[in-house]
Each structure stands twice: as structure tokens, then as C-alpha cells.
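Look for chain A in each of the two complexes below; its partner is chain B in the first and chain C in the second.
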Partner chain A sequence: MRSRAWDAAQLAAIGLLVSFLLLPVASLGLTLSWDELVTGLRHPLLLPAVRLSLTTSASSLTLVVVLGSLVAWWIARHAGRVSRLIESVTQLPAVIPPAVAGVGLLLAFGRRGLFGAFLERHGIAIPFTTPAVVLAETFVSAPFFIQAAIAAFRRVDENLIAVARTLGASPFRTFLRVAVPLSAPGLVAGAAMSWARSLGEFGATLLFAGNLTGRTQTLPLAVYTAMESDLRAARALALVMVAASFGLLLVLRRMSSEGRDA
Partner chain B sequence: MLEVRIARSVGSLQLDVDLSVSSGTVLVAGPNGAGKTTLLHLILGISRPDAGRILLDGRPLFDGRVDVPAERRRLGYVPQDSALFPHLDVLGNVAFGLGHLPRAERRARAGAWLTKLGVSDLARRRTAALSGGERQRVALARALAREPRALLLDEPFASLDPTSRRELRASVRRWLAEWRLPALIVSHDPADASVADRIAVMERGRIVQQGTAEQLRAAPVSDFVAGFAASQAT
Partner chain C sequence: MGACCALLAVAQLTVFAASSLRDAFQDLGRSFEQQHPGTSISFNFAGSQELRTQVEHGARADVFASADPRTLRALAGAGLALEAQVFARNEPVIVVPAGNPAGIHSLADLPRARRLVVGAPEVPIGEYTVRILEAASRRYGPAFGAAVESRVASRELNVRQVLAKVALGEADAAIVYRTDALASRGAVEVISIPPELNVVAEYPIAVLRGAPQAGLARAFVELVLSSAGQAVLARHGFQ
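The block that comes next holds the complex of A and B.
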């Protein structure tokens, strides 16, 4: 393809795709008047849903970052079949449809589930509770962080690890004082993606945790519920979600680029 | 005194080394792929020998039953590219191995080592801003600050320009003589032999000849030894 035609093709692709990606988000803001937004923001579903979304996504992010960092570090430091197998397992939720994930979680942790029956005997019931929301969000968002963390950890110079050990650092201290700071930009970017996925989670949560106001109704579920009765409220809730997601993503991206520049 | 008698199979390389370093400096020379860096990693505890033993001042670091982890071997190490921690400044790098000391003492000792190695003015610099010679001096200060019982250097002068190389060689020779620290220097550069009391030539995972530069020149056992000894003389 000639150079000018190639440039035109790229520009056309950018114009088409960016418009397509931006249009639904812009529509949320542009089709809503100020009064409608204020009314929507006063909707009784909003505050409990925001609170629940923030607490559950913060919990799932903590779980994903703490456990995921350890798993990713192990995978990054080990070559071979077992490591590749574990890496594949950690990526499995990314290719499973969320609704299927919800059914799977229910079959695993439900009253008669593989693990749920054991929990039931000890008086622990997870489905349709707030912890179920956290588990569903953890399940769907973990691959995003783990993949980014593996890539970041693999970029850490092997010599730095070796030197840290000879300087008296235990494997754990080497991980904490050398690997984590050097991988910080990648870890932050992975955490941002994971958090965004967690905040937007819908299908698995609906099937595994239900849609109970204040207990399991996160922001996406509140939008879905409001859609059935009050479109203005649904749009206002959706706008809050978009603003919250963009706001946090911008902060995390900024942290990430500062880490890279440092 | 560092005594090493170890075997390790790494891919196609069969490493089988018998080497000892008393208070002087031994230069381990050899062509690329001879297993020199692998040998250092085995001594440091970064990787594990298949068999054999490593003794430091008569005490085993490894002997099949004992395998002292790298962080407790008290061996100073400077890899080829210095491997300074890019997220820490110079003082932070030197203080890294002194985590067991109170903060004030840690900084004082790190500062003292930077002074000894002539780079005290760099304490607050970021490592990316250092020249090759400065990097190596800081890496040496970092390794020495922990007061190791032996020092292992991997191609310490390879990445330097000729002037810095000459200066650092002279400094290292002076320091090692002053501190009487057993040192093992890995190099493929015959000029680095000027730092050492003894040369051990390694080929295909084995020490094929040991001795002073004169002894190697007088009766070289291989083409590499002959070439290395001849280049060292010029």
C-alpha cells in the first residue's frame, strides 16, 4: 500500500473506532439535563450502590494485588511446564463469559457446591452475600493484574536479584525491596485495569450474589435495576460510574507514569 | 580462605572446578562460555552445585548436607554491569546491605565506605547519572560495606573506558593488598592479570592451569593459555 493511502487508512480507522468507543460514553452525558442529573443523583439506589461498589472493589483489589503479586512473582521466576500451567489457570477467568463464571462460582461455593457444602457444615454461607460480590469481582479481575505483574516482574534484571541476596536480603526482602519497587509502574497499571474490571463486573455478581440493595447491589446492578423503572436515574447512576472509573484510572495512570519517570 | 571443589551440569556445560583462594587475589580467566560466571553463582549460593563442597575459612557453605543461603554467606559480589539498584540513590545502594544496623549507623557506615573508595561526593546522586568508573566504585563500596569474608568480582573492568579501567585496576590492586581480603576476579581480559597474585585458566567448565603469569607463559597447556599469557606480557 502506498504511503498516503496507508496514512489515510490509519486515520480512518482512528476516526471510526474512537468515535464508536466515545459515542456511548458521551451520550450518557449529553442526553442528560442538569435537573435530571440532580434528580438521578438523589435516587435511593445510588448511595448504597456506590458504597458497596467501593468497599467490595477495594476488597477484591486488595486480595488480587496481595495474592496476585506472590503468584506472579513465582511464575516470573520459574520456567517450565508447571509454571506455564499455573499461568494458564490464572488467565482462565479472562476468557470465561461472566455469566458462566457466576454459575461456576455458585456450583463451587453454593450450599451443595464442591466447596460450599464443606463451608455450609461450618455454618458459612457465601452465595447472595457481600462476600460473594467480593469473590465474583476477584474472580473476574485477577487475570488483568496477574498478567501485568508477570510481565513487570520478568523485566527485573536477574543481576539485581542476585546482588540483593548477596547483600543479606532474604528472598522475601528481595521481593519487597527490589522486585516490587522496580515493577511498580507495571503493577499499578495492572491494578488499575483489575480495579476497573472489578467495578464494572455485572454477570457473575448477578448470578452468584444476586441483586439485593445495600448487600449485593453494586453500581452496575443498580443501573440495571433503575433501567426497569426510571431511565433518568439509570443514566445518572451510569454517569457516576463513568466519572468514578475515569477519575480513578487517571490517578492510577498518573502514579504509574510518575513511577516510570522516577 | 575460600576452598571450592564443585561439579554442576548446566545444559551442555559440565562444570567441575577445584580452586582455592587464600589471602591473595585469583584471576579466573577463560573464553566466553567457559563457565566463569556460573562458577561465581555457585560459590555465591545463587545456584546450587550438583556435588562437591565450598568452604570459607574452614566452615562449609555447601557440602551436600549444608547449603548456606546466599544472604548468609558473607561473600561480597560485584557483577559485570555493577547492578546498582536504580530506584535507590548511591547512599541507599551502599546502605542496602546494612539493614541490620540502626538508621544513623547504617548511613554513617555507607558514607565511610563511599569515602574510602573516593566517591563520597556522589552520595545523593541517582545511579543513572554515574559514569562507568563511578558505578563500579559504588558497587564495590556496597559489597564491602557488609564486611564480607571474600570478594567475588565478575568482569569488573569490562564496561569501562581505557583510562577509567587503568585507574580502577590500580585502585583495586591497592585496596585488595591493603585489606588482605581473599578475592576471585573473573575476566577474559589479559590486562586484568595485573590485579591478581595468581591466574586460574578455565576452559569448558574446568580449571586447566593455575599459576603466576610467568608460570603460565613458561609452560602453557592450551592455545588459550598461551594466547592469554602472551597478551598479558605485552
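The block that comes next holds the complex of A and C.
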């Protein structure tokens, strides 16, 4: 009897939480007629926003994966206070609200910012440009990849590394040919999480990069802008984002299950 | 027991108002609460369009004050607002950061800015900016319009965000309401736009249909339209 009550409690929780999580997503699709969707998809904000979101998130992902892998490998191979400190710093953006990150980026790289004033003297202006979008996305998404990469690298068998080194492989070759392939499922899952986070980035981008069609207006900003005038377009744009995120989730699931099977 | 509940049973008046009304309405709200003991007034300040969307989706409010007639006309058309009355006028002006780094002294100088931030055309200040720049292009030639357009770095969704970018020095110039420029106290310098190229922003106010506090809502609108209310608005730069 007691175990049956426990089962019932779990089923009730599943029913409640799953329908709560699904309802907003389903509402986006179900309250939109086909004609409205087509009109929304032809909205002038959509195409530039999709293009910009893809290019900026691909750029930030490249930065995060290349630099993040090196950082994560070092952290995974070193114990001690310095390593733990660096690990904490790489996780900092994950706990900072994105709007705060945006203000911080503006105060750091803005014209009168700590580093921005120096750049300005050399004719480099970052805020309100496409590179600012990439920086904002890199800032908020880096922790997700680095966290996953550290965990994956720590699972690599120490003996295999030692063998590769004894056979004469350089540390870099060992990293590239042994550690990376062995950690691939974890690295891919981390990269996918990181990509999803930068695709959805809103607050830091709005404050640091502004809102200009084709230059800094990514998909989430286009949804927000469209909300001001045309709810139908906002919903169509939102559906595009849901479809993209859902596709990403499917890829992620498949990769992590392949990783488990391997 | 009775005393406690009498104290708790305050009437709650909810006012939705455009971002640019923030300071003036907070002053008006304080005098309204003094005149109506037991009444507490709560404001929701945002871009007029955003407020309209909230009302259309069922947000409960008593009074709606917009930065343009278009928003309240749309609400009245949907049967959500009662008759609107214009209670204030505001004047778009150019603002530059303190010290005026780009050396802008008139509307014609706008192309000197390396970076401009404007309101998005979806919100009233952005719509007014488009109209002012169109009039200026007719006067100064199409090259003016093209040059200004190429300097635009961001289209912000409410006027206080536009102002913030200038106050931070991130934008060399922007067009905001005179009242916002006054509110930023010293962080920006104001340059008037020639009246023949400028527009006048009209602010209408209306009681919303089905307002939970219809009586208090009418009283608040009366206060805003009264000579005392108009004096408060004038102190904040409204005409």
C-alpha cells in the first residue's frame, strides 16, 4: 500500500511537471494558424536574424571549443588550489544573470570601459557590433562546455596516456590522438549544451551589442522586437527557435546515448 | 482584529504608464495617496507597446497613460479602454554625452556622430525619430539620411535604454524626449530640434474598461488633468 502511494506520487509529479513544461511550447504551435505561420516566416526580421544567430553562435562555439578544450585538459590533469581556482573562474558566468553579464561587458569593453578605452585609442570599437554578439555568447556559454570537457577528460584512463607517451607521442599528439577521441561523446554533449545556450542568449546581447537588424539582432532579440508590434510574427519566430532547439536536443540525446553504448 | 483588517483593506489602484512618465507619475502618485487615505497606487512603467500587449493579454489595470495616441486608439478599438484625453505634450530633442565628444550642435550635425542609438520604429520614440529624420532629409538632402542611417548602432525598445547609451558615452548622440534628458541630470547635454522639422508627442490617458477601481481611476485621471497635476508635469518638462 505504501509503495503504491509512492508510485502514485511519482506518476502525479510526472503528469504535473511534464504537462507544465510542454504546455507553453505546445501553445506556441497550437495557437498559430498555418496562414499566420507563413506570414510570420516571411517577416523581414526573420532571415537576417536566423543568419546572424547561426554565424555568431558558430563563431562563439569555435572559440569555446578550441580554447575551452585546452583549459579543461589542463584543469583535468592538475590537482591543487590553482587548478580549482581556475575551474571556479570558468564557472562564474553560469551563475551570473545574463543582464548583469551584459552590463559588465559594456563596462569592460565599452568606450569608457577598463579595457575598451585602451582599444578605443587604437581605433577598435567592440560594443554594438557583431563581434560584441560573439563575445556575449562566448561569455555565457563557455562554462557549459568547459564543465563537460573537464568531466570527460577526467574519465580518460591514465594508463593510456602513459602508454602513448612511452611510445614516443608528444604531449600535444597524445592530447589530440588519445584524449580527445576517448572523450568525444562528453565533448560533443558539452558543445551542444554550449551552442544551445549561445543560440538562446538574450540579456547580455541586448545590453552589450544592442539591437540592429542584420548586425546584432539575433533570433531571441528579433522575437522580443516583434512582440512590440506584431505578436503573430513573434510567435512564428519563436516557433523557428523551438524547432531549432528541439533539433539540437535530439542530436544531443542521440550522441550521448551513442557515447554510453561505446 | 478588526483594526488589523481595516488597515489591510487598502484600495489598490493600478496604473500602466509609458516609460517617459516615470518620474512625473511617481510624484503624482504620492499626492494621490495623500489625497485618498487608504489607497495604494502601483505603477507599471514600460514601453507603450509592451503595456498594450500586456493589457490585450489580460493584465488587470485601472488607468492607461500612453506616449502616443496610436496605442490607446488600438485599445479603445478593441473595447479595452474608455474615452482618452490628451494630458501632456513632449518634445523630442537630441542628446549628446556631457562634453559633446563628437561636436554636434544641431540636427544637421548628426552625421558627425560615429555611433548613433535610436528608438526602434515599433515604439513611439522610434516612430517620431523616423519622422524627424525624414523631414531632415527633405531639408538637408538624401545624403544626410543615408549618413545618419549608416551611423545607427542599435534600435532600442524603450526611450530610457536609448538615453542610457548616451549617458554611458557609448553613443555620440540620440533622439529622446526632453523630459528624459531633464531626468538624467547632467550626464547628457540637450540640443533642440528646429520646430519646423520636429514633431509633438501627445500623451493620452484613459480609464480601462472593466477597471477594478473605476471610481479611483477616474479620480486619478482628474488629478492628472487638474491644474495641480499639470504643474507637476510641467516641472518634469512636459508641455
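Quick notes
The rule we apply is simple: the second predicted complex is superposed on the first by the 251 of 262 C-alpha atoms of A that agree within 3 Å, B and C clash if a C-alpha of one lies under 4 Å from a C-alpha of the other, contacts with A are read in each partner's own complex, and residues count from 1 in each chain.
Here, contacts are C-beta pairs under 8 Å (C-beta built on N, C-alpha and C of every residue); 3 or more make two chains touch, one makes a residue touch a chain.
Note that the structure is predicted; figures quoted are calculated from it, not measured.
Three-chain overlay on chain A, with chain B and chain C fitting side by side and no clash. Taking Cα centres throughout, chain A sits at the apex of an angle toward chain B and chain C that amounts to 160 degrees, reported as a multiple of 10.
When the two complexes are overlaid on their common chain A, residue A:211 makes contact with chain C while staying clear of chain B. In the superposed pair of complexes, A:157 makes contact with chain B only, with no contact to chain C.
By the document's definition of touching, of the two partners only chain C reaches A:112; chain B does not. Look at A:7: by the touch rule set out above, it reaches neither chain B nor chain C. Closest C-alpha contact of chain B with chain C, superposed model: 49 Å.
Looking at chain A, you'll find no residue that touches chain B in one structure and chain C in the other.
In the complex of the two chains, the chain A residues touching chain C come out as 106, 110-112, 125, 127-129, 209-213, 216, 224-225, 227-229, 231. The touching residues of chain B, counted against chain A in their complex, run 41, 44-46, 69-73, 75-77, 79-81, 83, 85-87, 96-97, 99-100, 142-143, 146.
The touching residues of chain C, counted against chain A in their complex, run 47, 49-50, 53, 114-115, 117, 120, 122-123, 152-157, 165, 168-170. The touching residues of chain A, counted against chain B in their complex, run 157, 159-160, 162-170, 173, 177-178, 181-182, 262.
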